[in-house]
Amino acid sequence: MFSAAFYQTAPVMALCASLGAVPLIALSRRHPNLREFWTFAAAGLKFSMVLLLAGWVLAGNVVEVTLIQVLPELAIRFKVDAFGIVFALVSSFLWIVAAAYTIGYMRGLSEHAQTRFFICFALALCAAIGVAFSGNLLTLYLFYEMLSLSTYPLVAHHQDKEGRGGARKYLTFLLGGSVGLVLPAMIILFTLGGNLAFADNIHTGIIPAGTGDTLVTCLFFAFLFGFAKNGVMPMHAWLPGAMVAPTPVSALLHAVAVVKVGVFCTTRVMLYVFGINVMEALNLGIMAAYIVSFTIVTASIIAMTRDNLKSRLAYSTISQLSYIILGVALLTPAAVQGGIIHIVNHAFAKITLFFCAGAIYVATRRKKISEMGGLGRVMPFTFGAFALASLSMIGAPPVGGFITKWYLLKGALDAGQAAIILVLVASTMLNIVYFAPVTFQAFFGRVPDGETRDTGIREAPLIMVVPIMAAAVLSLLTGIFPGVMMQFVRMVIP
Amino acid sequence: MMDHAPALMIVVPVFASLVLTLIGPLGQRAAYGLLILSIAGSLAAALVTLVQVVQTGQAVYYRMGDWMPPMGIELVIDHLSAGVLVLICACALLTAIYSMHTARQDNPDRLNHYYALFALLVAGLLGMTATGDVFNLYVLLEISALSSYGLLARGKGKAYYATFRYLIMGTIGASFYLLGVGYIYIMTGSLNMADLSEILRRPELEESVSVRIGFTLIILGVWIKMALFPLHAWLPNAYSRAGTTTACLIAPLMTKVSVYVMLRIMFTVFCVDYIFQQIAWSRLVIYLASAAAVLGMITALSQRDLRKMLTYIIVAEIGYLTGGAWLANTAGYTGAVYHILADGLMTLCLFMAVGAVIYRTGQSTAAAMQGLFQRMPVTAGVLLVAAASVVGVPPTCGFFSKWYLLQGAVKAGEWVFAAALIIAGLVAAILFFRLLERAFFGRLADAVTEKKSKKPHGTARKIRIQEAPLTMLLPLVFTGAALFGLGIYTNEVVQYLIRWSVPAGI
Amino acid sequence: MTWDASLLWQFDILILLMMVICAVTALALEGLLSSAIATGVYSFLICLMWTHMMAVDVAFTEAAVGAAISTVIFLGTAQYISRWIKKDRPKEQGIKQLTLVIAMICAGMMLAATRDLPDWADTASPASTHLSPGYIEQGYFETATPNVVTAVLADYRSYDTMFEVVVVFAAALVVMVLLRHTSHKHRKVLHLRPKREGRDTVLRGAAQSIIPVMQIFALYVLFHGHYSPGGGFQGGVIFGASFILLALCYNLKFSMNRFKEHAVLWCCAGGVLLYAGIGAACLSLGMNFLGYGALADGLGVSVVMARSHGILAVEIGVGITVMAVMVSLYYDLASGGDLEDGL
Amino acid sequence: MDDLFFFIIAKYNYWAAIVLLFIGLFGMIVRNNLMKKIIGMVIFQTAILLFIVSIGAKRGATVPILKFSPDKQPMLDAATYANPLPHVLILTAIVVGVAVLGVALALLQKIQRVHGTIEEDEILEDMRK
């Protein structure tokens, strides 16, 4: 449709769409409607760019652009391949959905500093796309740090003691991991081979032959724990703390931008820096698999004990993220596919769940699950969507989560890891235990004592319900038509 | 005229300072204008020289009085010094523009004499950087030192004692340098750097104890001047009590030029093989540097006064620079030289931003940062950029210097230094985070009351924006942009300047 | 190894021993005035040493600067501070002893290392054979100046010397900026300064007869610097000392009436301006900065003679600045910056 | 015995300079009174100058001012004149020394005015107030 030259500039344009929106949003801070228009315009432009690129990549092309030759040996470099496209599609599409929802939420609660909020939102999305399109580790690192910094004001949005504390913890873990572990690991890697560009396939990696086994193992774990956004225990502690943020932020953080960037970075490094061959040879994959298995089970168990809905969702996120890493760490084709497709499935499902939590808060100001008895009857759409998304989390057909579980189980079988299968089954059980009661209580539970039936509680505003439904429906669609996304995943690993 | 750029660059500020001494009656504007004009002239000359050096790929030589070296004194501007010269001129020019209000505030009387000393300091620093003669370097070192005593002592009451201590330490440093030069002279009979480096390669001198003592004394003297841990005690007091303009001028430049002198002595007069094979203590320097980086940052963290905090950051950065230079590999050297430029700009930016805050709020404790993003958004934004650079967030220049330094440490297998760099970076992150958190949210109480009052959108508390005056803001913003600029053009800086100056043998 | 009787080593060692004694005394004495005097004696002794080492120019300068001016400004300052030092506190004794031990170790190492240095007064040492013969053998033909020190100072290394003048200029400026700065409240000033109304007639008479001679001698030293020890520094210091003497024998106001504050400032800057101006003139006439040869056409003399004249011109500049700076330092330090009354 | 004698003769200047250097340095660092510190500084600097001038001496040489033969030709035997270069350097250094001394004394006067004392410990106490 377009020339190849166009596709060379498309990644940069996708990036600039959200970056360019920043000054516009800042300038129109006195006109809320105009300001929101810029957000939508940027989101739309960005999504269309990514969509075009997706088509181009599907046709078998890989776009590589060098933006700035920043060091003699290294450049800020973009590379759009199938793996990156998967993530870029999800994040850019969900920006549109999230933007609509955020406007409803922010206006519904008359939040302060909305302009700052939208600016940081745009910057965070810019960083997410940057990570998706990164062509080497340096670029990845750059956008990773940009994301950490730009989401800080979002997490600390309320500016109260709790907000600051959570944000402080958030930044401590993220910067501590990236500066303390990823940066040195990256520099050691560069010193070893003089190259940080991602490999062209997932097998070879870029670790130079002859590097000491211990060193490679150390590097591997430095990356695994250094990308603290991926929520692997013990680097997960920021995630529940960051729950103090407004719900759209939680949705964005825990479904789209932040944690997915962490997982994306981890898997990117595993597959394209270390490569399957090295990971197999040194048993790195299986070590990582057991570490994340621990995270999966532990996080699920903690989630059961939480009464605060958002907190429960946060631990669920920690657990679900590790599915993705688990899939990749198992190294069998089916498992890797399962892991990657879970980026998509989890994104849609989790954003739905968070949106629901936010809608409940806006409509009722309730945060605790125990207070939600009977709410489903007055907020059927919200809780319907919640139920659907819960199914996806649990992994029941026909919702997207089922596809993940299917591939993961198949992959674990291929790998012959009985223990991992056990973990998957156990976590599914746990998922049921902590998700099912929410829906059940809402629709069939008793209204808490001391409350009459008619408290005037109604559904959340339309601008919130529509995105919720859209996200829920998408979650369903990914389950019914998994092929759309799977064709990209198959390009990564056949 | 172009051929004379090296001389003009140094002489123009000297002339300016002479004229400035005499034009008191003409008023403050005339003094301000003349200072800016002269330093802009120097900058132009420095840029001309830089372009010439980069284009020809060779050093520019200028023979003072047309005497052949080593009989006469020559200026040698190679890739290393050209970069530093431009840095000095640029920082001085920005500070000069910035000084319009602050200098008047700090100097109710004798502003023209203050500016005369300002110009002399710049001339001294430029001369130190450009010269190819070890004794001439001493004379210019003393010029910059003397004028800096004058500038620093213009601070408030406590500045006198701090300056006195600086004077004592500075004199010890300069005297050690001179004594070292004496030792080298006695063994070689020469003072010209190029000549010296030839003579010092003779085997009998490589073994000589006296030459080693000379080298040790020179390096010790320079360390005192650049405040390397544990010889740093004079710096924080002297710098933090000075007036804003003085601090902006001296803090970024004095120590960096001293580091430059160290590099010159190490790699131009002596050579890598000599230092690392003949000097027994050379392997220990890296530990000193590591200690400087970590302890400097930690001490900075414990400070309440903003300026004092920044001065301890300088102490830490000196650790980075020294470590890079003594790693003895290309990456470390590149990192050190690049960091001279980067840290010069970073320190300037920090001091300017803090100076603007002090100018507006009148207080210099961390409390002055309260709600800065609302009151002075531009200043706060630039401060954020500078902080990101000190911490090492890409794509600011601080990241790339750390990149090279870490790479050098890894290549040399100096894990202690690598760890020190990372720890210092993390401590810096905590330090700036604490500051910026305050700046970002303002008073905790405000946020709480506001939440309770639940004002509708748009009528949230209105805080009057009170930015610093434009003459302060423009240099500040420019410096902040330069931090990005330098970071993005790292490739060019490394390829066209630093690579050429990498000494043979490392 | 031969032994040269002309070196009078016994004499040298005696002087050096006395110097060490003076140094220790100056640091140990409790009275600051006596310390200042001991420092002056120390300077005089070092002049003797240097004369004996044939460094007459240096000895000359040290005698004028180190022994005379330094002592005077020491004494000038001593009026404003307590004249007796306080006994050091015992708690600092530990640090003191530690410093002493470290200093002694370093000193011991450096003393041991002198074995490696060329013998004193060795004619074959690198310093005596590498550059200096060049100056001695070519200096006269290139600059027409028999005093090699002057030739090297004001021509070969004139760039250094220019900045040396700038250093003294800077010192005067710094002292001026520091002391004449009036915004601080003068608290806790010790008014030890005695009133200077009636001065001794003998002193005045002596001054009247000495000062003109001093000034003529200063001019001689300056202008004859090409042929004999001396030059701008020495001449300037002596000339400046004549004004200081005037102030000492009469009072500060009397001296300041003859050499006014403004004139001092103009002379301080003017001398350097003359020096740097000549450098810039050479530059504009087509040679490098301070290349006096460029003046040849303008003066109508040969290049060598032009250098000689150039040397003289810059020496005059040096003389003016040094003279003014010495006076300025005295004015400021002796009067505590208020320029009312001095030592 | 003779060797030792010659060794002393050959080095005593350097020794004196080094001893004076450390006396000055010691005074600068250890003495509590600021005036004493300045005096220590003067001794310290002068010791270095003594050391460097010592380099210029030559056995049997005279002052570095050219002598002329009866036919007005300069006598150019370098060995007969002392080395002029250290003299030039030290001339510069002496002037630098007095410049620093002047500034130090001016600061001292200021310290006396602001703190009322020139004893270091008392100043530190005063600053803590």
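The first chain written gets the first letter, and so on, giving A, B, C and D; residue counts start at 1 in each chain.
Just so it is clear, a contact is a pair of C-beta atoms (placed from the backbone, for glycine too) under 8 Å apart; a residue touches a chain by one contact, two chains touch by 3 or more.
As the structure is a prediction and not an experimental result, all values here were calculated from the model.
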Joint neighbours of chain B and chain A, given as chain labels: none
Pair with more cross-chain C-beta pairs in contact, given C-D and B-D: C-D
Centroid spacing, where centroids are CA-atom means, of chain C and chain D in whole angstrom: 12
Distance between the centres, which are taken as Cα means, of chain C and chain A, whole angstrom: 75
Whole-Å separation of chain centres (CA-atom averages), chain A against chain D: 71
Distance between chain centroids, defined by C-alpha means - chain B, chain D (Å): 30
Interface hub residues of chain A, defined as touching at least two other chains: none
Per-residue multi-chain contacts in chain D, two or more chains: 21, 25, 55, 85-86, 92, 96, 99-100, 103, 107-108, 110, 114-115
Chain B residues counted as touching two or more neighbouring chains: 135, 139, 142, 146, 149-150, 153, 157, 185-186, 191
Arrangement of touching chains [line / ring / star / complete / other]: other
Touching chain combinations (by label order): A-B, B-C, B-D, C-D
Chain B residues touching chain A - in the complex, by the definition given at the top: 331, 388, 391-395, 400, 402-403, 406-407, 410-411, 418, 422, 425-426, 429, 433, 437, 440-441, 444, 447-448, 450-451, 454-458, 460, 487-488, 490-491, 494-495, 499
Of chain B, residues touching chain D in the complex: 135, 138-139, 142, 145-146, 149-150, 153, 157-158, 160-161, 163-164, 167-168, 171-172, 175, 178-179, 182, 185-186, 191
Complex contact set, residues of chain B against chain C: 4, 7-8, 11, 14-15, 18-19, 21-22, 62-67, 70-73, 108-110, 113-114, 116-117, 120, 123, 127, 133, 135-136, 139-140, 142-143, 146-147, 149-150, 153-154, 157, 185-191, 199, 208-210, 213
Parts of chain A lying in touch with chain B, wherever the complex brings them together: 30, 32, 68-72, 76, 107, 110-114, 138, 141-142, 145, 149, 153, 156, 158-161, 164, 168, 171, 175-176, 179-180, 183-184, 187-188, 190-191
Chain C residues touching chain B - in the complex, by the definition given at the top: 110, 113, 115-118, 125-132, 134-135, 155-160, 163-164, 166-167, 169-171, 173-174, 176-178, 180-184, 265-266, 268-269, 272-273, 276, 279-280, 282-283, 287-293
